[in-house]
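What follows is a single structure, and I will ask about it in a moment.
Here the chain labels run A, B, C, D, E and F in written order, and each chain numbers its own residues starting at 1.
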Amino acid sequence: MTEYDVITLGETMLRLTPPGFRRIEQATGFDIEVGGSESNTAIGLARLGLRVAWLSRLTDNPLGRLIASTIARHGVDTAHVVWTRADRVGLYFLEEGKAPRGSRVVYDRAHSAMSRMTAAKLPAELFQAHGARLLHLTGITPALSGDAAATAQRALELGRAAGWTISFDLNYRGQLWSPAAAQAGCDAFALAADLLFAPLDDIRLLYALEPDASAEAALAALAARYPQTTVVLTMGDQGVIGCAPGGTAQRQPAFLAEPVGRIGGGDAFVAGFLYGYLTAQTTEERLQRSLQWGAAVAALKYSIPGDAPLVDRSEVEALLAQGTGKMALQR
Amino acid sequence: MTEYDVITLGETMLRLTPPGFRRIEQATGFDIEVGGSESNTAIGLARLGLRVAWLSRLTDNPLGRLIASTIARHGVDTAHVVWTRADRVGLYFLEEGKAPRGSRVVYDRAHSAMSRMTAAKLPAELFQAHGARLLHLTGITPALSGDAAATAQRALELGRAAGWTISFDLNYRGQLWSPAAAQAGCDAFALAADLLFAPLDDIRLLYALEPDASAEAALAALAARYPQTTVVLTMGDQGVIGCAPGGTAQRQPAFLAEPVGRIGGGDAFVAGFLYGYLTAQTTEERLQRSLQWGAAVAALKYSIPGDAPLVDRSEVEALLAQGTGKMALQR
Amino acid sequence: MTEYDVITLGETMLRLTPPGFRRIEQATGFDIEVGGSESNTAIGLARLGLRVAWLSRLTDNPLGRLIASTIARHGVDTAHVVWTRADRVGLYFLEEGKAPRGSRVVYDRAHSAMSRMTAAKLPAELFQAHGARLLHLTGITPALSGDAAATAQRALELGRAAGWTISFDLNYRGQLWSPAAAQAGCDAFALAADLLFAPLDDIRLLYALEPDASAEAALAALAARYPQTTVVLTMGDQGVIGCAPGGTAQRQPAFLAEPVGRIGGGDAFVAGFLYGYLTAQTTEERLQRSLQWGAAVAALKYSIPGDAPLVDRSEVEALLAQGTGKMALQR
Amino acid sequence: MTEYDVITLGETMLRLTPPGFRRIEQATGFDIEVGGSESNTAIGLARLGLRVAWLSRLTDNPLGRLIASTIARHGVDTAHVVWTRADRVGLYFLEEGKAPRGSRVVYDRAHSAMSRMTAAKLPAELFQAHGARLLHLTGITPALSGDAAATAQRALELGRAAGWTISFDLNYRGQLWSPAAAQAGCDAFALAADLLFAPLDDIRLLYALEPDASAEAALAALAARYPQTTVVLTMGDQGVIGCAPGGTAQRQPAFLAEPVGRIGGGDAFVAGFLYGYLTAQTTEERLQRSLQWGAAVAALKYSIPGDAPLVDRSEVEALLAQGTGKMALQR
Amino acid sequence: MTEYDVITLGETMLRLTPPGFRRIEQATGFDIEVGGSESNTAIGLARLGLRVAWLSRLTDNPLGRLIASTIARHGVDTAHVVWTRADRVGLYFLEEGKAPRGSRVVYDRAHSAMSRMTAAKLPAELFQAHGARLLHLTGITPALSGDAAATAQRALELGRAAGWTISFDLNYRGQLWSPAAAQAGCDAFALAADLLFAPLDDIRLLYALEPDASAEAALAALAARYPQTTVVLTMGDQGVIGCAPGGTAQRQPAFLAEPVGRIGGGDAFVAGFLYGYLTAQTTEERLQRSLQWGAAVAALKYSIPGDAPLVDRSEVEALLAQGTGKMALQR
Amino acid sequence: MTEYDVITLGETMLRLTPPGFRRIEQATGFDIEVGGSESNTAIGLARLGLRVAWLSRLTDNPLGRLIASTIARHGVDTAHVVWTRADRVGLYFLEEGKAPRGSRVVYDRAHSAMSRMTAAKLPAELFQAHGARLLHLTGITPALSGDAAATAQRALELGRAAGWTISFDLNYRGQLWSPAAAQAGCDAFALAADLLFAPLDDIRLLYALEPDASAEAALAALAARYPQTTVVLTMGDQGVIGCAPGGTAQRQPAFLAEPVGRIGGGDAFVAGFLYGYLTAQTTEERLQRSLQWGAAVAALKYSIPGDAPLVDRSEVEALLAQGTGKMALQR
């Protein structure tokens, strides 16, 4: 039985993007990327050196195989993916913008194979005490469909039963559900989490805080409802803030970045954070180390086209050693 | 009230093709084309000089608008398209092959806006005695869904009521329905048609003829069942054969072609045929002229990337005058 | 008789640009765009929802047809274009620069079909009282040739006779004529205009003001000479200033933009301005509303490759509602 | 301990090809492929469903990682690759030609990491009785260097000691060594082989047969020297011929193909052959079945850009069922 | 004073081609090539090892410099080009076709700098007894304009006065002048030539022979009018035929070719012929050798994208040694 | 005997870069550029109008010829390059980064033809009193190999013997040698130089100064050791500082630039400096003029893709006249 450091579950799509900031209406071709929040994180973790399995359901056609092989090439184990002849492969179209035109996503993910994955299809044999150390889920999966929500819920229960650490990234998607529905749909996951990630803006929105509620206020609100979990709030250029149960909030500034690929930055943050968390030597250093690794991997991701954080551990270490700013040309 | 020569109805999709005969699993980008049997024919007719309207239902997002504007740029009237915020834009992925690997289509057209178009959404005001001269439908529309089938059926009834010529291209799609279902689903259209188009191979398959039944035998079988219609059977490199009700079969050889874009050849044939048909001076010359124009437009289409026959009338005339072979470089 | 909101007249060229900021001497390929000041504005107006016709003269070859169909696909009526077998299609080569190297245009527009359009070729039947509401001309047309100047002059006379609003964009092109010639050549248009657009810098140059003359001084100079027209001066990052006859100057700041396509920004401004102008509910709000719409459409244009403002009305409204800054990713 | 069906060892390079049949002197860019005879075969075998490990030595830089991850994505186990900071990644430049200009390879593989792999670096733990069923080597490895030759020799000895089937593809490379040197350098492998592959032309050249010696004559010459092995000679369009020890020669015609990617056809043949061989139900059918699978996989490979046979088992089965000719478009 | 083997004079244009057999109306980009009959020949000669100067007149802008530097990189001396700030750089648009659609050229060369080159601008100092050995002109230059015709005429006179061999390629361009005008305009050149090249078809057309007049009949007709010159007639796939004054006709079959770049094949033939001619050891072998070299260089050119014969002498020698057919892959 | 203004010697490589800031591990293609410090400078000088010869050793294959013809097209004389059938063409792979990920170079230049050039291969006939005015060498050549170091040393001796000005750019490459080795290996060149260029950072590193030693301190250290030479230190955004023997330091600020191609900026600076130096009218203006030209050419280079400064003299003059900032669009 292979053992993993991290198991994750979620939907991954083909991303189709017109090159050169062209609008879709101007497009004559699409660049292809493969993206999904959980598989992005999985790729980051695998490249940093952990053993990771990604669970999902995919249509067995060339599009589905393109997704799986792209994830596998970075060292993620895709052997447990559930394959089907039915349903379809989810797509999303990204129209990259420049100010004042924001980037725009056109989802075409309805009726996807993952949205129709039932709990019974979970590879139960993996969910054993020694199967893994940490289960990572996001709020996208319960947003996809009732089936997907039940599958994520079942994975959560199995993971907890096995004694694994539970990581949950709220990952609110306004095109999939309303703030209220998202709050309700994510509640069980947040209540069971050991690690809870979310953008501060989304917390304000989902938990009906003041639009300018401070990060500390948001942390307090979450601690009141989810006292058992470490909470990490991301704030874009303002960096991140994290707080362990009963602990004090710790801040980590963002690294300077000139983004060429913003999509996937949050997933990269989680990958870095989880790597830092799982490799920490002591509990004392754990949160700060995790925040640093998260911020560094996210910043490096911004410089990389596509959705996944194609970084090496040595690059992250070099960035952490340097502090900030662009690294010089080495030749 | 604008008058049209031809009105047509059908689904058009974005076609995504990896360049350079790459497999989808190797793809890093897709070339974008816009293709649909009826709009391909409509574009051919408009470029040849007829007034054409294309009816359909499209999702109002950048993908849908890309489809409509691409069809409109070639002179087809898209003002009567039904727009919706719901459903999705149909896609198909084309993996171009070389022998012995055949080209392969992966459809992703389920749940499309056109498949959910109801008869009530037909722009009834167009279906008047003077709205048009000819209605062109294909067997793809009834294959899409019950809604689409009912919509096509309703268009057929309206067109007949207005006294228009009815053109029907069987266009069997084995990924959408079985031969038996196709035969049943197309029957009403074939029974009402004035012009009926089909590949000989598909007639053998749908009407359970011998696999090597001759073209004449197929014509006879169709004449027995659909005595009212002119029947045109395409036979690839073997050219085409056509027969008017009670007439004698006429053959037209294929023009020599080195294909760079096979998709849409049948639709181009129909465009050429209908142009020849609608512009014939006498009934005597009509069928032969139509077959010639069909064969010439189809051959030219093969030389053009994408799905639509982007030809000019002068080019077709030059090819008809020359007979066959590649035209010389003019400089 | 179709009625239009706006009719415009001018030359449109193929734009050929080496990708990736390459110099022409390094180029191995050119990206193709279609650009002309008046057709850029026409496309913007059509996309915003107005009925627009673009008049011009084009050589009937594939290059000319590429221009016309590209303009038509965005909803502009090109049915009144005058086609000829003679002359040539105008081209311009754009070498995109980054500081300190400025972008550079190499014109190849001499001997173009439009430069040889005579007044007699104007589709006189359009120039009726109910043919349109507004005629838009620019200073490029009189700069092209004597024929083109006479044609623009004749259009002006016909438009005024029909009682239309006259819009004139000075659009000085230093490669086509000298400041003095431009001032003289544009004078009749400015004297007849209801709306006069120009960059402040060009006004300083053509009207021999001090190089650092203030916008107010320039407005005063123009008001003295052209008291009948609203004047709008654009000042790049400094925004715009406008003044109605006898009114007070109103300023509109520029929206923040990270340009990927600067060419056509001025034409986009005019499109936005004219849309705001023609859709204003009251005279009181008209100038300010027009300036806002102009600034917003121009800023959005900067984010779009190519020459034309491929924006939607809803995007402009969202930007106006938001004020400034880049819009967030919606997903 | 993972068990494999096939283990192979060899050098894989980045292939750089100017697109569109351009000469290298005209090139402005290179398409990147990953190619090596043994890894091409390994990819084919893995896609057909066997468990395959590829052994090699690679420089640990982005080029080396690109090679390994590209091979891994198709399901080949690359975990046993030996990584080094020293040496370089082999390259080859392919200038694709059309008649009368032949395709041309410019090797840049000297000093590569694989050419400096010593026998001591072989992962000895794999070479156990149950480690695998078949070892596949080619004549390229002994041609690379003395180190590489000794490493291949050692692998051969280990494989034989473990009782595995030994497959050897002569794969003569005229740019690496002379015919005489190749004959001498390959002799030990041929003497130990159970399966020996070579183009007929190369056998004529290396074994100093008449230039027009028949296939039967070549088989006889090889049987005299290497009586223990099945011999398979490929003859391009003329198909293949094979003969088991003491058996009678069997011929398999080539499948019709319109090549878009000739490179790797021989490796694809071996992949198909070995799949047929290892999955044969009876000894009687084995040789013919292997020849058929080899010919079919090779023909499909010709239609696929790049070096590796990216085929599915179902495609091969369909081609075998059909016999020959291009498969029809399925839609 | 540099000495040359060959001096040539003519117009060279930028060639703009939509990739992938797209029509210009479908194009989103153009590939850039540099092409002119005389400079194509000059490049071929320089690559084969002769010293060549190309004379022309070019506009001094990035387009003109792109032309000159592209010609110079292959070893042709462009130091004597006449530069001007006036006029324009000639262009031509190539729409590559596949049967039955022929390739199509849209010229945009009117008003070019070369068409306005006057005889006075010829670098007279080059036209000395030892300046060169051979002057090569084509029938395109007199077709461009009266100025260009007079310039070519003056070059002819100077070359003859210096005792150089005169080579003249009729190169009829139907878009530039009529057959009758071409015959008249080329007469003086043909009357002065030592070497006269033309396609057989063009001779039939210009000299009003029967459309199916034999090559021998055409040779006889030309010998009657131009008895002083060797005549070489090209006949496409049928090879070439040549006849020296008073000699017997010699035929050379064409080499097998799968063309990827037909444009420039005739110019390549002339380059090969002139190389063979100027390097012949004896008069006896000269014509046959020249025909062979011409046919071989032309065949190789067909395999090369762009207009110029980017071949090496060793490749031509290998092809001549081999005879025909595609050369094998060397690796 | 041709006379040159500048002769330079060095290695030039093919540069392969994944487009769009992609990592090499993501790459599917490489853009090709040609780059070498000395040939970059040579190209800049030739474009500015000087007569320049570039000496090197290249493998005679298509890669080597691509390098030579690319350099030649910009007017540099490559006739003295030493060609060999042995060795290989140096390559480097550039992974362009955005902050915080720095650009990264993967060298693949070991075993190159230039690294094996011996002093005996220097074209001694060029090294005469009137052969040239200035010899330019860099610290890369002695870093390549002992052979290359000896060749550079011999060139230095010959140049000095001929009385030429000696220019030396330290150009430290940390991937080729250590700071200490570089200091030792460059010492003889610096001791013989009339012009010595280096980045301030490299001087601090090689001469073991304090990491934050001032430019003045570095100048003083260098003046103490190399009193005979003018020293020019580049400081990135901080501009440059130069000091003639016994003179006072002069500073030149950097021109504003938005880099699209940073590689080659230092070589461009040297080209501009040397042009200014060699064309100065008086000794008084020489250093300041040289610094200005150097800074201007470097800034323009930053805006140009590839390694070489493809600028025109008129552009530099316009930038010098303007001072700073981006030049306006001219149209």
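Throughout what follows, a residue touches a chain if its C-beta (ideal position, glycine included) is under 8 Å from a C-beta of that chain, and two chains touch if they have at least 3 such contacts.
Since we're looking at a predicted model, the values are computed, not measured.
S.K.: What's the overlap between the neighbours of subunit A and those of subunit B?
M.R.: Looking at subunit B and subunit A together, the chains touching each of them are C, D.
S.K.: Over half of the residue-numbered contact pairs in common: that is the test. Which of B-D, D-E or C-E passes it against A-B?
M.R.: C-E
S.K.: Give, as an integer number of Å, the spacing between the C-alpha centres of subunit D and subunit A.
M.R.: 41
S.K.: Taking each chain's centre as its mean C-alpha position, how far apart are subunit C and subunit F in Å?
M.R.: For subunit C versus subunit F, the centre distance works out to 46 Å.
S.K.: Would you give the residues of subunit E that are in contact with at least 2 other chains, written as numbers and ranges?
M.R.: In subunit E, residues 23, 25, 28, 69 touch at least two other chains, as defined above.
S.K.: Throw together a list of every chain pair that touches.
M.R.: By the stated definition, chains touch in these pairs: A-B, A-C, A-D, A-F, B-C, B-D, B-E, C-E, C-F, D-E, D-F, E-F.
S.K.: How about subunit E: which of its residues touch subunit D in the complex?
M.R.: So the residues of subunit E in touch with subunit D come to 19, 255-260, 299-300, 302-306, 310, 315, 319, 324-331.
S.K.: Across the complex, what residues on subunit B touch subunit D?
M.R.: 20-23, 25-26, 92, 97-105, 107, 173-175, 262-263
S.K.: If we count contacts the way the header does, which residues on subunit E are in touch with subunit F in the complex?
M.R.: 69-70, 72-74
S.K.: Which subunit B residues qualify as touching subunit A in the complex?
M.R.: 16, 23-25, 27-32, 61-63, 65-66, 69, 88-89, 91, 93, 95, 106, 108, 110-111
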